[in-house]
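In what comes next, chain A is part of two complexes: it sits with chain B in the first one and with chain C in the second one.
The block that comes next holds the complex of A and B.
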């Protein structure tokens, strides 16, 4: 059973990498955004295979909205949103290839030389997982999440406020 | 045996929704219309617009119907009759419905047409605005049941249905469902007058057929979700559980077409404004209301 899960995980992982590559290898902004969505949704499916159901469904749900919003913003602000003008999104090719290879090797080394725990045979039920996650969020990690949440809220209000046409600016 | 019965009832419900929708547009009953419309779309010439996005044009209708079917899959048809039993079903409905939006944006973008693209972006705005009340209304039902499992959500309504326990949540969920299934008065992304059909303006033949069937399933799934989340699911006197579910689902689905006609069609930006300025705060109030009731 674990072997099947591992094979599915690897296939999904390769799919995620392929879509991640497509994000930069297309000239259409909408294609790029939805490739990223496919990538993120596949990550959600990987959570599902690893039986972290709540996180999986949350990831799959949140990313759909987020990437669609990103698509419309990329449409609005990029100079060639449809990709009809052959815009190339990649630049500094040699440096980026070198950096990517370096980072890839580093990741493989870290994965290879880490002391991993044995693969868990039994996972808690979904309800228990939700409970544990809630306890984690509301106890130990509460401060971090509250700070992050408040920062995002402040940023949103600031962005909205800076976009408002104030009276003195009209003069 | 029971599953076959449920399947027959499901197809009958889809057929009935189609007939009622035809009535709501043309004001006459035509019981054979779904069949003739099916045959027409199935044999219609498949016209592809010039310089369309090949991948998206193929993906969008399939993603649409798959998302609709997935959302039906996690909802119970009776006690112990759920296609896919997952612990986070209430959240999963949201996830599936979010992909309705993705497929509609893809569908709007793919044909390389102005009307469909404007329709697609309009739908994006509409759905982001109205997914907030949907998510929050579902959250408040989850709060009451203290579980995301659909069975437990229905069982939490044994004494009192959620429609009475949290009427505000029901109203918001109902209105947001209309917006999600782009039913009148929220059909501006697909308006026939101004955008000549909006998102579907460039679709013909089998692709349009997939969209239409997907939409009927979507309406059914939203009605089924309403029945399970707010109308006490399979609970009801005398009749067996699955009959009650289908009766409630049918009533909600048909009421969409009647209620929609009674409401004014707002301008698109006003539609969004109503959701962000009133819908979302009211949904938060509903969560607070349920929280207070739970603590009492």
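The block that comes next holds the complex of A and C.
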């Protein structure tokens, strides 16, 4: 049955695909970063439509900051960040297209031919979801949550250590 | 059922685009963008499976949080490697890193 929610999901999905495609089709790196930001924001909106409000807000906030930082790094490191020189920064195009098509079509076939369980009509209210997610994180999934926290700490130390200049280390 | 399948197909297409980017780009930051697209597609699938199949279980939402953590870690470590590479070689073009094999 076609519902308003389905139409909104499809429109947002097409938008996400369009911006995802634009990431690799524009020669301006800043446009690439902001296309990815738009893609991630649209994914956040799709989370909202699917009633996962907490994850949606988290997604939009995290990705807005992450992609803004990515745009700054792009301008710092790229030889042609504005895309004015029309540099080609790709290789093994045919293999990449073939593998990407293969992966995409394989996943679509799996989705199409799987036997899905009955669809749930109702979801808990937002307040109940937040409470239940908090209980899940502090009880059954605490180990996973703690592992994620420790991984962030390790990555922070690893990132700082890797980014230090070699000259200073020798002193 | 149509809603679930539509969202999963959007996720599959985004995964394919991300894979294309990760394999075809020569610049480190662009490769990272491809990986982020693939992780985003995975998170979209997890939220759809939670919403339409198991809204009473929160393991899938926890997995989305883990996915977001992985995205942040990938960005932090990737930029750190990029910074070091740029300091030593003046570029983050990954085709030039083949010299590391020697």
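Note that in this section the second predicted complex is superposed on the first by the 155 of 171 C-alpha atoms of A that agree within 3 Å, B and C clash if a C-alpha of one lies under 4 Å from a C-alpha of the other, contacts with A are read in each partner's own complex, and residues count from 1 in each chain.
In this text, contacts are C-beta pairs under 8 Å (C-beta built on N, C-alpha and C of every residue); 3 or more make two chains touch, one makes a residue touch a chain.
Since this is a predicted model, take the numbers as computed values, not measurements.
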**Asked** When the two structures are superposed on chain A, do chain B and chain C clash or fit side by side?
**Response** fit
**Message:** On the A-aligned overlay, A:130 touches which partner chain: chain B = first, chain C = second, or both, or neither?
**Reply:** first
**Item:** Partner touching more residues of chain A, whether chain B or chain C
**Value:** C
**Asked** For A:58, is the partner it touches chain B (first), chain C (second), both, or none of the two (neither)?
**Response** both
**Request:** Figure out whether A:39 sits in contact with chain B (first) or chain C (second), or with both, or with neither.
**Result:** second
**Request:** Quick one: classify A:69 as touching chain B (first), chain C (second), both or neither.
**Result:** both
**Prompt:** Of the two partner chains, chain B (first) and chain C (second), which one does A:31 touch, if any: first, second, both, or neither?
**Reply:** first
**Request:** Would you sort A:115 into first (chain B), second (chain C), both or neither based on which partner it touches?
**Result:** neither
**Fill in**
Overlaying both structures gives a minimum C-alpha distance between chain B and chain C, in Å, of 14
**Request:** Overlap the chain B and chain C contact sets on chain A and report the shared residues.
**Result:** 54, 58, 69
**Asked** Considering the complex alone, what residue numbers of chain B touch chain A?
**Response** 53, 55-56, 86-88, 91-92, 94-95, 98-99, 101-102, 105-106, 109, 121, 124, 128, 131, 147-149
**Complex interface listing, chain A residues touching chain B** = 28, 30-31, 34, 37, 53-54, 57-58, 60-61, 64-65, 67-69, 71-72, 75, 125-127, 130
**Prompt:** Taking the complex as given, what residues does chain A use to touch chain C?
**Reply:** 1-3, 5-6, 9-10, 13-14, 16-17, 20-21, 23-24, 29, 32-33, 36, 39-40, 43, 46-47, 50-52, 54-55, 58-59, 62, 66, 69-70, 73-74, 76-79, 89-93, 95-97, 99-101, 103-105, 107-108, 111-112, 116-117, 119-120, 122-124, 129, 132-133, 136-137, 140-141, 144-145, 148, 151-152, 155-156, 158-166
**Message:** Can you tell me which positions in chain C touch chain A when the two form their complex?
**Reply:** 1-21, 23-30, 32-34, 36-37, 40, 43-44, 47-48, 50-56, 58-59, 61-62, 64-66, 68-69, 71-73, 75-77, 79-84, 86-88, 91-93, 95
